[in-house]
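Listed below are the structures to be examined.
Shared between the two complexes below is subunit A, which has subunit B as its partner in the first and subunit C in the second.
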Partner chain A sequence: MAGLSIEGARKSFGETEVLKGVSIEVADGEFTVIVGPSGCGKSTLLRSVAGLEELTGGRILIGERDVTDLAPSARGIAMVFQSYALYPHLTVYENMAFGLRIAKADKSEIARQVQRAAEILNIESLLGRKPAALSGGQRQRVAIGRAIVRQPEIFLFDEPLSNLDADLRVRMRYEFAALHRTLGTTTLYVTHDQVEAMTLADRIIVLRDGQIEQVGTPRELYERPANIFVAQFLGTPRMNIVPVTVSGAGQATFSDGRIVALPPHAEALSTGTRLSVGIRPEDIAIGAASDALPHRIGFIERLGGLATIHLHGAAGDEPLACQLRDDGSLREGDVVPVLLPADRLHLFDAEGRALHGEARE
Partner chain B sequence: MSAADHGREARAGWAMSAPALAAIAAFFVVPAIASLFLSFTDFDIYALADAGNLRFVGFRNYERLIENPLFWKAMGNTLWFVVLGVPFIVALSLFAAMLVNSRWLKWRPVWRVALFAPYVTTLVATAVVWRYLLHTRYGLVNYLLSLFGIAPIDWLGSPNASLPAILIFVGWKTFGYNMIIFLAALQTVPRELDEAARIDGAGWFTRLRHVTLPAIAPTVLLVSVLTVAGMFQLFAEPYVMTQGGPAQSTVTILYFMYEEGFKWWNLGSGAAVAFLLFLCILAVTLVQLKLAKRGGAI
Partner chain C sequence: MSVRRWSVTLLAAFVTLLTVAPLLWMVSVSFMAPGEAAQFPPPLLPETPSLENYRTLFGTFGIGRFLANSLLVSTLATGLALLFTIPAGYAFAKLRFKGRDATFRLLVAALVVPGQIGMLPLFLELKAMGLVNSYAGALIPWLAGIFGIFLVRQYCLSIPDEMLEAARIDGASEGQILRRVVLPILTPIIVTLALFVFLGSWNDFMWPLIVLADQDLYTLPVALAAMSREHVQDNELMMAGAVVTTLPVLILFLALQRFYLSGLLTGSVKG
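Right, the complex of A and B next:
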């Protein structure tokens, strides 16, 4: 096993630059998830690591080896595709054995490896079937099995769960985590689904427009997003962002003149500075207090246990989304006192970059 | 669904397919049966003038054919066309399709048009051009071969070279059509399959054999069946290029039938040839289907 380094990866398709100098370090055995909106270059990056795309610039190292110019099969990687890409005319066994067979491995060795992978994934009973006779989840397992058989130094996953239904996706997510714990292989996993990223990753890389926005553990990214993009990309419903103007020490004013208290590290900001404050829906509280701001409830999305409540403050401002345990007492059209706890506020400057204080508990 | 509903639906189905069935009956079934019937008569130019001259002769037409060396010569030539021509044309079409399907090729639509063009050009006009290309002294083909030190070949004048010459012409003329069919099939093969095989370490040929060909196997079968039928029915190309010569080396079964029927006016005998040809194509196609079924293509 080995770690992975990507150094200043650039890739252009004609005039379009898809990767604009991406550098990534993945430690040995780490599960790293690359997440970003569609078209951000995450799949291209993964395919470049696999050797399916040639980089326009930069280097890729697996362990100490420079693999930038090596063929896909010589890199020591295995890839699981979104569409699984199982060979339709071969049985599950033959699918999993294909790579070893081409490498002219010993028959008994092939059988041993396939058996081992099948046991890990619990698909021994499927070995004689063709892919057409398998369900989506089973195909997914076979695709992973084929990757395991290759005994790669690095696993590459390209949106492996997007073709599964919601229920199965949750189960497979859990299995991915368990599998990684069992095998401990360095993994690079691409997804556009922030829930997958949050639940699976040791470390998340947020990619936008061919550039890295932030790298960190799921908790770091959630608690201390580097900018508005990351803040809003992770978490559902997404973080509320409201423009304010600093109006005194430790306080700021909304566009309608109402005042909100800012966290301690904002004390240094000079009056008149334009800011954006961000607050996660679950950090907004409803309840009477001296500094509560009255909001009208526009719309309630009831999810059973939880409800997302859209709160309208000043005219023209975006409504705030607030997530609460739903006791059924709130009604659309009610005016309620809303608390925006200062210690839960995220501050962003005019360019959208985060203004951090010291690390929060 | 009740029995009455079922009956009504079946009637509607028959009604909707009736026009097509009528056309097939009028232009295929009836002529086929008529020609089978005619093959047991001495239908000729006299019988054309007065049907009273038509006599039932049993299997005499077939017996005469079997005794006719030219019939066997034509059969043999046709078999050569099938045996050599089908693999040649299928391989050529598939290669062309893979070429215009490959990602690194620039100007793909232009290539597609250029390679398809021979199929839609006039046969007689292109045959004339090819006669120039194949000319022993001034032809481009012999000039190109001379660059490799190969002595000039009398393409259309030597009994050994005429069949390959016609094959090259037929291949050039027809591969574009098959190419389009193959191209359509190739575009349905997911790119990830090829990529997965690359990661598994498969080279170009292994990927072709284990990924591409199995994925397009039904199309390969279709094109083979069509090409076999086409090769059995080869007529216009030898007719225009060599008139069956030299030394009857390019007389195909259909060319023979044409001469029997419309040169010597032995229409009954011509019908017998047509029926034997039909049996040949049917037999070969059935064998192909059987092989394909065993190979898992269908």
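Right, the complex of A and C next:
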């Protein structure tokens, strides 16, 4: 096993620059998830690590080895594709053994490796079947099995769960986490699904337009997003962002003149500074208090245990999304007092960069 | 069964009969005595079936030699066509190289030019190369048919790139990917293409006639045509010759029909 370093990776397709100097360090044994919207370059980055795309600039190191110019098979990586990419004419066993057979490994060694991987993934009973006779989840396991058999230094996953139904996705997520605990192999995992990123990652890398927006643990990114993009990308419903103007020590004014208290680290901001305040839907409270702001309930999405409530108020045109335990007492059209707790507010400057205070708990 | 289904079945039976009848009569006539088929009305079945025509064909005319010639030429043509067409079609579909699409467009544009137009220049070219009156000359037009390349390419396009990339990561060379991943997937289309080429070269009359001067080198259709010039009146003998020409490819076609159909249907049925 080994760590992975990507140093200033650049990649252009014709005139379009897809990666604009991306540098990443993945520690040995770490599960790192690259997350970002479609077209942000995350798959290109992963494919570059695999050797399926040639970088226009920069280096890739696996352990101490510079693999930038090596063929995919010589890099010590294994990749699991979104479409599984199993060989349809080969049995599960042959699919998993393919790489070792190409490498002319000893027959008994091949059998041992395939058996081991099959046991880990609980697919021993499927070894004689062809991919067409497998369910989506089983195919996914075989694809992972094929990767395990290669005994790679680094696992690469390219949106491996996006072809599965919701139920299976949750189960496979759990299995990925368990598998990583068992094998402890350095893993680079690409997804556009922030839930996968939050649940699986030791560290998340948020990518946008070929550049890194932020790197950190899921908790760090959720609690202390570096900018509005990261803040809104992680978490559903996404973080509410409202423009305000600082109107005095520790307070700001919405566009309609109503006042909100700011967290302590905003004390230093001079009056007149334009800001954006962000608040996560679960941090908004509904209840009477002296500083509560009345909002009208525009729409309630009832999810069973939880409800997402869209609040139309004085605070700009965008409704605030608020997530609560649903006791069925709220009705659309009600006017309710809304609390935006100062210690739960995120502040962003005019460019959308976070203004952080002390780390919150 | 409803009236509708009955009428469809009857119609199908009628069309089948219409198609098969000449073939069956060809077989029947080949067993008739000289002149018997020329009677009016022509008889459906031979009065006293005999193998005389076949004896003459294989004995006097030595049609066995031409049969062997045809088998050799068609087999070689098929083998060579597959050898060149499959890698070409695969490359046009899946490998990245400069000028790939432009070259392919040029090839497809050439499809609209009738083959006959190329015959004279090709003949002159082969003459300059000293290949006239040899099987090499007879085989050259079959080496890489544009239609075959097109067929293979279209089918290869349906193979996901990720599968080839997985093989690359597994350490397979481009040759190994073609042999061990692509070829097995291409089986239906390879059978279809092989049938096309085999049938095409087996039935080809014009090009062997042009390029083969030596009678010993004649393929079946050319030999049969030469024979028919001498034996215009011998319908029964000619029919026996036609049976010898048709039967091998008919058997081949029926044997491979299953693959052939799945090959033709792949484009539309495969997801």
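Points to keep in mind about this one:
What we mean here is this: the second predicted complex is superposed on the first by the 359 of 361 C-alpha atoms of A that agree within 3 Å, B and C clash if a C-alpha of one lies under 4 Å from a C-alpha of the other, contacts with A are read in each partner's own complex, and residues count from 1 in each chain.
Note that in this section a residue touches a chain if its C-beta (ideal position, glycine included) is under 8 Å from a C-beta of that chain, and two chains touch if they have at least 3 such contacts.
Only a predicted model underlies this, so the values are computations on that prediction, with no experimental measurement involved.
Overlaying the two complexes via subunit A brings subunit B and subunit C into a clash.
In the superposition on chain A, A:R274 makes contact with neither subunit B nor subunit C. With both structures placed on the common chain, the touch criterion links A:R112 to neither subunit B nor subunit C. After overlaying the two complexes on the shared chain, residue contacts for A:R353 are found with neither subunit B nor subunit C.
Of the two partner chains placed around the shared chain by superposition, neither subunit B nor subunit C is touched by A:R171.
Shared contact residues of subunit A with subunit B and subunit C: 50-52, 71-73, 77-79, 81-83, 85-89, 98-99, 102-103, 146, 150.
Residues of subunit A that touch subunit C in their complex: 50-52, 71-73, 77-79, 81-83, 85-89, 98-99, 102-103, 146, 150.
Remark: subunit C residues 160, 162-163, 165-172, 176, 180-181, 184-185 touch subunit A in the complex.
Those residues of subunit B lying in contact with subunit A across their complex are 190, 192-193, 195-202, 206, 210-211, 214-215, 217, 296. The touching residues of subunit A, counted against subunit B in their complex, run 50-52, 71-74, 77-79, 81-83, 85-90, 98-99, 102-103, 146, 150.
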